[in-house]
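Here come two complexes built around chain A, the first alongside chain B, the second alongside chain C.
Up next is the complex of A and B:
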């Protein structure tokens, strides 16, 4: 393989890894928005919480492979409690829910700092091997992240498409009142979706803890990227979010690989602005009554 | 006529005016000195600055329903514009503040307002969020580095009272009077604005864009105008902020301040002028309140963010109309009681007027 091609493949591989993480965050954002119209900014902090919980479990002696699901379940449960305790009162005023989520950012971020301090935590490395194919170095750890993301996304699609809960969720997103009339327990579905969104974000956080050193301000960075992805894909559109995640991951990695590295974030937002200028509701706008009244 | 002058409302405003005028001298007077220190003059000056910030945010979010997470950035632009004008071009400070307002107003209307015509709700929030994150970087960039001086910021000498009033007023009192006068003037302006054609258009826009369009409101124009007017207020506030503190730095105001402004309008009350005043009190005294709390609960100092956040959540859920909504309900109930009593006796007086005319219900979004 020529030198240039292997550099390109290396970038492609890096883009794939980061896209997986972005997709998980964006999916959490997009399912919650699609269902309730609430822009849940606090999902970034749930990601941070997931990362730190994974780290804490791992430090406590659990293997990494068990620590991530444990953290995801814990954060999912926490997210469910938040929905019951706060967000459900704001369902008819999504903007109030957004403001509540801003308050939550402050609370969670400061609590995380209180508990774990502001310092960096070294990445967990369950795999240490590195595959070398034609000059492209591919740490097994990164492959693991990619596959976990792919499997979770695949599972999510199956659930949305073929299970009763998935159908109920799609019905609620299309028209909450009609869904209620058809006997769908709307409140339960919404609560479940908040738990799902939290668990997805926490999984992304747990995976990040195995890639990079983590710190309490991790959330805002991935929140912004997750949002950029969800917006590019069309808020509320699950398939769109996955495609957009790959697009954003590629733009960012290729941009910083071949152009100036310090403008890394600018490429993403440049892409975001360019796409929103042409298509104000993203590449694949979501359908449904809620979406049409909100946007 | 005389009766009109004696109405409780008129008397209330007259009393307020007198208090505002004599306030900076109160700390020197025998009885008041016991509980008002000289430092309160500075507090009151900052209160005036925050009042303009909160008003600006309330015009945008409360009245027009456009959520901005980048408001700290807009205020910072105002402060920096005034700073650069004074520091680099030697423009006199009052003119610099006015120019800062105009510049920020135009910039806000064009740079944020025009894209906002196409971006709604969450899209706008994320766009303004990236603004507040990137502005410090922009201020540190090559081209304008020499002007903005990012490493040390811009500082000026404290403003001196003009020779005419020398001896009557010291520095602090002079600052208080000009800042408070500006704030009062602009509050009255805002009060009138929200009751005018433009203000009603803003509210209509917030409640339903489609309905507003059907009523013949030029939606893009009024959206951009909302950003323009709000940014003008923020720019003036930024200029005054620079004048009062005599210092500005790229990190003077950041994301946390943006959220704090949002907390202030929510706690005070969305879409009311009274709520903005409560919000300004909150911004002025929040630091002190938490310091007080820290003397009782030592952790309070460290958990500042947790307290703000919880406050925001609790108020948003339990009192979505904020303090102002609470006070309005109270006044209305009292009015009803007195009216009922009056009707029971002599029924020549008209029933108590509903003085919230034009103040829209924040829940009606």
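Up next is the complex of A and C:
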């Protein structure tokens, strides 16, 4: 393999890993927005919480492979409580939900600092091997993250497409009132979606804890990227979020790999601006009630 | 110039952040093997290529505390002491420990019965003030110390308000010693030799460019086969300044800079730029940033096998514990780091930290090495007073302070250069797979 090709393949692999994480965060944002119209900015902090809980479980003797689902369940449950305790009162006024979400960022951030301190935690790294293929270095841990992301995304699609809950969720996203008239327990579906969004963010956080050193302000970095991905894909559109995650990951990685590295975020947001100029609702706009919200 | 002089302090703050981070990271965060494997090699006192050892008299603490039995009077003198005991946590940690160095040295001197000049034994009383990290309060305290308390010596602050305070102290010809990273911007900025308006100001913080150059020279001495250097820095004023300093220092030491990459704040994934740098076949990868970024960069660079050697400011035991067998066949160095920042690299330093721990109630405070930015200088100031034969004539004392060489805890030959910046060496450590961490003392690059 020529050096140029191996470098390109390396960058492609780099992009794939980070795209997986972005996709999970964006899915958390997009499923909640798709159903409620609430832009849940505190999802970044749920990601951080997931990362620290994964670390805590692992530190307590649990294997990493069990620590991530445990953290996802815990954060999913916490997100459910947030919906029951706060967000459900804002469903008719999504802007209030947005403000509650902003407030939660500060609360959760300080809570995390209070519990775990301001310091960093070194990556967990259950796999330390690195595969070298044709001059491309591929840490096994990164492959693991990619495959976990792919499996979760696949499962999410299946749940949304083929299960009763998924159909109910899509029905609620199309038209909440009509869904209620059809006997769908809308409140329950919404609560479940909050739990799902939180669990997705926590999973992303748990996976991040195996790739990078984590610190309490981690969430904001990924929230912005996740939100950009969700916007590019079309807020509320699950398939769009996944495609956009790959697009943003590629743009960011190739941009900083081949062009000026300091412009990394500018490439992402340049892409976002360009796409929104041409397609104001993103590449794959959501349908139904969501479309009304965006209009 | 402005950027340069601010760098050391920021580097210090980053290091404090790192140490805070390390302290906040429980033992389980890193493998315990790392700590167990930590060992200090015998101090080498390796001399940098440009070092020219001083051949005159180097004073010791014993010289300073010696009494000849002819004293007939005892006098207590008052010095001002003002540090940021409250305010932003990282500044507060640094300031508290810097101030501690003065408190500790003064206590030692007083416990030893004071110091003698002629027929008088002097003990020292510190008039202690918290500046609250507020420049205006610092100005007020400075005026109070000079006008109301009539002190002719002031220690501190560590950072906030020191430039403003220096303007006042120099106008009043008051001896003013502090870490003072901004001093180069004010009283010591425009002079080849500190004189006239700045004659009474001394910076106990060595110039950051010295640290980088010492580190580079040390690497060249240890690894003459290394030629190509790649550098990664954060995209900020400080980050870019560090990049420039790295470039200048390593170029001066004879290395070729094959790549410089800057990344935006908030980056976690450095693989795109590391892939790019790897193409340049660097022998050494340099990075000095906040600890989280360094840990990420180092881990990803080790995975990608970017270079033969990696330079970081992470504490060696953290590196060893965090990366374990991923260090196999690789070498991580921490070069040009502040003296005694990791482990004591001299017997004097080891003894100092034992005493300092006792002074601090049994345990060393966070970033305890920072106390060495003031501790030795208290003895030096007393030595200068003895040499000048006065505790009052600040001009004569400053003249004497310019000529004194002192064997302290931080360094076996501390002195001030002509611009009144302290000259102290740095430490260098090497972390290798399944080997004890080796730390050595690099002699300072002298004028």
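Note that in this section the second predicted complex is superposed on the first by the 292 of 295 C-alpha atoms of A that agree within 3 Å, B and C clash if a C-alpha of one lies under 4 Å from a C-alpha of the other, contacts with A are read in each partner's own complex, and residues count from 1 in each chain.
Here is the rule we use: contacts are C-beta pairs under 8 Å (C-beta built on N, C-alpha and C of every residue); 3 or more make two chains touch, one makes a residue touch a chain.
Everything numeric here is computed off the predicted structure, so don't read it as measured data.
A.B. asks: Should chain B and chain C be called a clash or a fit once both complexes are overlaid on chain A?
C.D. replies: Taken together on chain A, chain C would fit alongside chain B, as the superposition shows.
A.B. asks: Determine how wide the angle is at the CA centre of chain A between the CA centres of chain C and chain B, giving a multiple of 10 degrees.
C.D. replies: Computed angle, apex chain A: 70 degrees.
A.B. asks: Have a look at where A:96 lands relative to chain B and chain C in the superposition and call it first, second, both or neither.
C.D. replies: Only chain B is touched by A:96; chain C is not.
A.B. asks: Taking the superposition as given, does A:212 touch the first partner, chain B, the second, chain C, both, or neither?
C.D. replies: The second partner, chain C, only.
A.B. asks: Regarding the shared-chain residue A:36, is it in contact with chain B (first), chain C (second), both, or neither?
C.D. replies: After superposing on A, A:36 lies clear of both chain B and chain C.
A.B. asks: Between chain B and chain C, whom does A:235 touch in the aligned arrangement: first, second, both, or neither?
C.D. replies: In the superposition, A:235 contacts chain B only.
A.B. asks: So, does A:130 touch the first partner chain B, the second partner chain C, both, or neither?
C.D. replies: second
A.B. asks: Of the two partner chains, chain B (first) and chain C (second), which one does A:107 touch, if any: first, second, both, or neither?
C.D. replies: first
A.B. asks: A:276 in the overlay: touching chain B, chain C, both, or neither? Say first, second, both or neither.
C.D. replies: Once the two structures are laid over each other on A, A:276 reaches chain B alone.
A.B. asks: Between chain B and chain C, what is the shortest CA distance in the superposition, whole Å?
C.D. replies: Minimum over all C-alpha pairs of chain B and chain C: 7 Å.
A.B. asks: Between chain B and chain C, which residues of chain A are contacted by each of them?
C.D. replies: On chain A, the residues that contact chain B in one structure and chain C in the other are 220.
A.B. asks: Under the touch definition given earlier, write down the residues of chain A that touch chain B in their complex.
C.D. replies: Residues in contact with chain B: 33, 39, 41, 86, 89-90, 93-96, 98-100, 102-111, 114, 220, 224, 227-228, 231, 235, 269, 276-277, 280, 294-295.
A.B. asks: Which residues of chain C touch chain A once you look at their complex with the stated criterion?
C.D. replies: 20-26, 28-30, 235, 261-264, 266-269, 271-273, 275-276, 279, 291-292, 295-296, 299, 303-305, 318, 321-322, 324-326
A.B. asks: State the interface residues of chain B toward chain A in the complex, per the touch definition above.
C.D. replies: Chain B reaches chain A through residues 65, 67, 69, 118-123, 125-126, 129-130, 133, 255-256, 259, 262-263, 266, 302-306, 308-313, 316-317, 320, 363, 365.
A.B. asks: Help me check something: in the complex, which residues belonging to chain A touch chain C?
C.D. replies: Answer in residue numbers: 3, 7, 10-11, 14, 17-18, 59, 116-123, 125, 128, 130, 137, 139, 208, 211-215, 218, 220-221, 252-254, 256-258, 261-265.
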